[in-house]
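Chain IDs A, B, C and D follow the sequence of writing; residue 1 opens each chain.
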Amino acid sequence: MIKASVIGATGYAGVELVRILGQHPAVQLVALTTESYKDQKMSAVFPHLVHGVEMTALELDLVAVVEKSDVVFTSLPHALAMSIVPAVVAGGKKIIDLGADYRLKDATVYGAWYKHQHTDLENLAQAVYGLPELHRAQIRGRKVVGNPGCYPTSVALGVAPLGRADWVDWDSLIIDSKSGVSGAGRGLSLGVHFSEVNENLKAYNIAGTHRHTPEIEQEISGLAGRPIKVSFTPHLIPMTRGILSTMYFSIKSGVGVKEVYEAYQAFYSQEPFVNVLEPGQLPQTKHVYGSNYCQIGLAVDQRTNRLLVVSVIDNLVKGAAGQAVQNMNLLFDLEETVGLRTLPIFP
Amino acid sequence: MIKASVIGATGYAGVELVRILGQHPAVQLVALTTESYKDQKMSAVFPHLVHGVEMTALELDLVAVVEKSDVVFTSLPHALAMSIVPAVVAGGKKIIDLGADYRLKDATVYGAWYKHQHTDLENLAQAVYGLPELHRAQIRGRKVVGNPGCYPTSVALGVAPLGRADWVDWDSLIIDSKSGVSGAGRGLSLGVHFSEVNENLKAYNIAGTHRHTPEIEQEISGLAGRPIKVSFTPHLIPMTRGILSTMYFSIKSGVGVKEVYEAYQAFYSQEPFVNVLEPGQLPQTKHVYGSNYCQIGLAVDQRTNRLLVVSVIDNLVKGAAGQAVQNMNLLFDLEETVGLRTLPIFP
Amino acid sequence: MIKASVIGATGYAGVELVRILGQHPAVQLVALTTESYKDQKMSAVFPHLVHGVEMTALELDLVAVVEKSDVVFTSLPHALAMSIVPAVVAGGKKIIDLGADYRLKDATVYGAWYKHQHTDLENLAQAVYGLPELHRAQIRGRKVVGNPGCYPTSVALGVAPLGRADWVDWDSLIIDSKSGVSGAGRGLSLGVHFSEVNENLKAYNIAGTHRHTPEIEQEISGLAGRPIKVSFTPHLIPMTRGILSTMYFSIKSGVGVKEVYEAYQAFYSQEPFVNVLEPGQLPQTKHVYGSNYCQIGLAVDQRTNRLLVVSVIDNLVKGAAGQAVQNMNLLFDLEETVGLRTLPIFP
Amino acid sequence: MIKASVIGATGYAGVELVRILGQHPAVQLVALTTESYKDQKMSAVFPHLVHGVEMTALELDLVAVVEKSDVVFTSLPHALAMSIVPAVVAGGKKIIDLGADYRLKDATVYGAWYKHQHTDLENLAQAVYGLPELHRAQIRGRKVVGNPGCYPTSVALGVAPLGRADWVDWDSLIIDSKSGVSGAGRGLSLGVHFSEVNENLKAYNIAGTHRHTPEIEQEISGLAGRPIKVSFTPHLIPMTRGILSTMYFSIKSGVGVKEVYEAYQAFYSQEPFVNVLEPGQLPQTKHVYGSNYCQIGLAVDQRTNRLLVVSVIDNLVKGAAGQAVQNMNLLFDLEETVGLRTLPIFP
């Protein structure tokens, strides 16, 4: 059994990790830590865990956590994981950070977007961006995984197959993303107040101001082979879970949707968690609800020579906790899908 | 492997059965039938099944289905299963009916409420009401199971422990139930039109007119040891899944919530799917979302000498498909919880 | 023009008052006060006001407010209005309090439920409970109005016509109420966090612990002519606006729904804001959305000798701000419906 | 009083017209027609009308309707109004069509998109596209108004001020629109089934296949002064009312948001129903809920040289019935805002 701990187990991504790890056949949870609910039973704070997780959330004792764990998950606001990772690595254990600290390879970019100087350049240099569908080979055997953000996951999976072709103008990429409210976390604000969100719709952090922008650009630039800047616009949708990203590219005249579909199919044919829909079909967030799956739809608008890609994920699973467990499976040479094959809940 | 078929696999309860059975380690799905989507791949109709269920929905060929199945599930409008059950029983196979045809022991009561004469009295006499927490011993070894309705499940689990005590006036029972919209099925009507239901709330089929009333009364009468009539009022809530039933009893003066709680704890202590909350805690439907669990909260209002019981289930799982699989596990001497321990999705 | 001020204009009831008063043909808004948004334009905080209300929210200067106003509305947490009312009355102006301080006639009951000693017994004695349909005559000419709570409004309107008849056992009354989330106010808490409320349902403050209980009992006792205790159970519904109360009475054998309906029709025939539905019809909260109307449905369950009454209101309008304006119209001898005839928004 | 009729009064746009016209101080409703609810009282079908509209919905008798009306509104599926308009015009009355038949000036474009040959070319030639903010002068005195679609209204208002400047590349325009479910009408389909839409999100009719595309292009081409093709992608959002359109343009390097904002302010400064938000503010659909207002937010992404425009309307009011009444006010030389100044409902 892999001994796993979650530091920050009482936010939405953290408790989702607990749910998934608590049902994982090869994992034993050994420590769950919290700032807000110290010494309370997890099932008292989150009654949905009552039949499966009998642990108590504790204040963080980092030495003890490292000592007893094979792998540590951190699910914390940015700038906190970087003070934890060195101790885990020094202790010879693996760490998967669900926050932003180990995603951006360039520490100056991190500093510019997160207004905080990175203090763990050594491990940052060793860290891998944990998107298995793009970086599987580099993830295996690594010590530190920067688990991708929810929006970047939906985008990178949506455009990855285009990296092999010469069809699209990467500079033309416009990303219009829509997210459920759980992506904003469990903290309190008017922005997540039911009466302000329900039966309402808005864009936020637009025009290149959302912090997932550099992470998206890092992956897109990798696919394009040169630095790319994108327009990324997030929207808040009155639902709890799910991200849908609509992506627009200028595409070479004459490239049809069948060709694009075949390239996507080829790229993802062996991927257990990504499904490419046949042209004419479009994905819906509910079709991946509560699961680690991603579904992708494709269309070419011949009138405007544009390729449209629509991708959906569950922001808390493939966009956070599920992907973290997928990375853990890779780190420990398990079957990549173990503990993650639960079918989506519909309706 | 148990060979299982679902007749009526493309309604909400049917497809939920497919989802659960498709992930059950001891089950092999052998036939899925449909009226509406003949010869279509299940995953084309329900894309959430794409990674787990590769079957095609077929028109019903009853002889073939019985032939190849160990157990048949029927998930059909009332009055249809009674023309299927005899053939299954004659073929020596087990059948679990998620509809209403085999729930009411008294065929005249069935006829009065469903406006249809029962035509399979022989199997009705043999059938068992498939609520394991109340009738587990009678379910084992039976051929025909009448799987309980969603409302009656939430009510019967909520009041069952009171059958042993002498505390409540059974005639005083008032049941105010609230259900998500999926309970109304996948058929089209203004009553399930999003714009009519969203941001809206109503009672319906009130004052003893809802067809779950006789089923509730059958179980309550069994607990009380004499015929009881109840006030049962269902309400439609703008959410997809979940039932919450609030039940009001006149209670003997002097009986406190601690006493009641201990009786409930004792009654359910060995039950894998029912959780009684400590006094002061109240259940929420989201805490059982997508799962086979039931949670129950208790309170005594000393000012009015009333006992309040609040129970929650997922109407499509413990209220339909999950309970059907729980019954199947019993019929085939499997561990009762196999395939059903998935934790609820939260948030 | 009546010069009106709102103290506490940036909570949900307060801003709803601003919306209604801002469109009232006989009202001029002269002061809006706030704790949270001092010196901000109302339309910057609440952009829906941009085309109709050009005022700035100010810190409370009570002397100035009284000086410039003919009527003051207070929309504050309990125990605050009682320090404001004396100054308004002393200044010779009218005051309508949307909070709890002037609703309960018995100050010891207030103290027991609100854990705060009432400090303005003089004005409390003069105050009228501002439910026009029950107390219209007493409201006219009064100086201080205690505007009813949202739940009590839905209940009192639902049962008022029974006060004239001898049909029901008042002690048998069970009230199962369901409210949208805006009733919990604009303050932040997990209880109004979108991801915790959406697709969820719960009871709260049950078994005689909700602070609207004594207010309900005061009005019921008035109708019954003797002290009555009721079971009142509130539930939180995943919608923004609307209250539906389902009320259960034991009723004299032989009294039919037609008789009850006719009594209700007679009682409410001249009321501009209350509509009694014909037997067989049931009210929906959406049918009064955004309006000052109340709709009531009736049924008699002959099987159990119970009368069911279902009433719906918009909690922020008839349950708060609209009713306050209705009271203002009465205080100033205006047509009672002025500024309040806007039809509900549907769907 | 203007005598007004609504042909097709029991769809969502039709009944919204009835609600607005029923409260309009200069209008008398004289006939409401229906296919589905013949001879039923409007308030029986739509109980929110009970306090304001006492009419019965009748089968269409066109001669009688024209005879008694000064203005006729048609709210019908496409291809039906064109058989009604000639009779209304021949009768010397005005007509405002909320459907698609009189919006596209080019009948061949209409035929290509709606798969139906236009049979009333004469009136089509006389008709005006009823977007007052762009075509006010042409609307006055006209007989036939083609009332704009909901999406095109949100788009045309969002980009209209750019027609005067030389900043944007019109060919670069990408429109990502999101609509509430009421835009799909009151007809039944799985696409509006609550359990399929709630807690879900999807794109539909993408890549230049939605029928509002040619209407959008007609208006955009008018602004650009040459034929323009656009990418228009609609999405279905789990809410009842509201459209938000996010529009992306390539913009000349060096043009800042302040410049753009000032141009928008200048363009809309005299418009009663359009509000341009200051840079940094973004519109939300809830801020125009139930009202005829449009709010617009602006941003320039200097990193990618893109202008982002975000516009919101209520799809049933400014996107349908409210705009139709605004057009009626123009046709009859009333103050343009009469009957339409109701503030949005928030929250």
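Keep this in mind: a contact is a pair of C-beta atoms (placed from the backbone, for glycine too) under 8 Å apart; a residue touches a chain by one contact, two chains touch by 3 or more.
Predicted model only: the values in this text are computed from it and were never measured.
A comparison of the A-D and C-D interfaces places the larger number of contacting C-beta pairs at A-D.
Chain pair B-D has a twin interface among A-B, A-C or B-C; that twin, with over half of the contact pairs alike by residue number, is A-C.
Measuring from the averaged C-alpha position of chain A to that of chain C gives a distance of 46 Å.
Chain A and chain D have centres, each the mean of its CA atoms, that are 39 Å apart.
Averaged Cα coordinates give chain C a centre that lies 36 Å from the centre of chain D. Shared interface positions of chain A, defined as residues touching 2 or more other chains, are 12, 180, 182, 195, 198-199, 238-241, 283-284, 286, 289, 347. Residues 12, 15, 19, 22-23, 46-53, 182, 198-199, 240-241, 272-273, 275, 277, 281, 283-284, 286-291, 293, 295, 341-347 of chain B are the ones that touch chain A when the two sit in their complex. Contact residues of chain B toward chain C in the complex are 174, 176, 178, 180, 195-196, 198-204, 206-208, 229-231, 233, 235, 237-242, 244, 246, 248, 282-286, 289, 297, 299-304, 306, 308, 310, 312, 347. Looking at the complex, you find that chain C touches chain A at residues 12, 180-182, 186, 188-190, 192-195, 197-199, 238-240.
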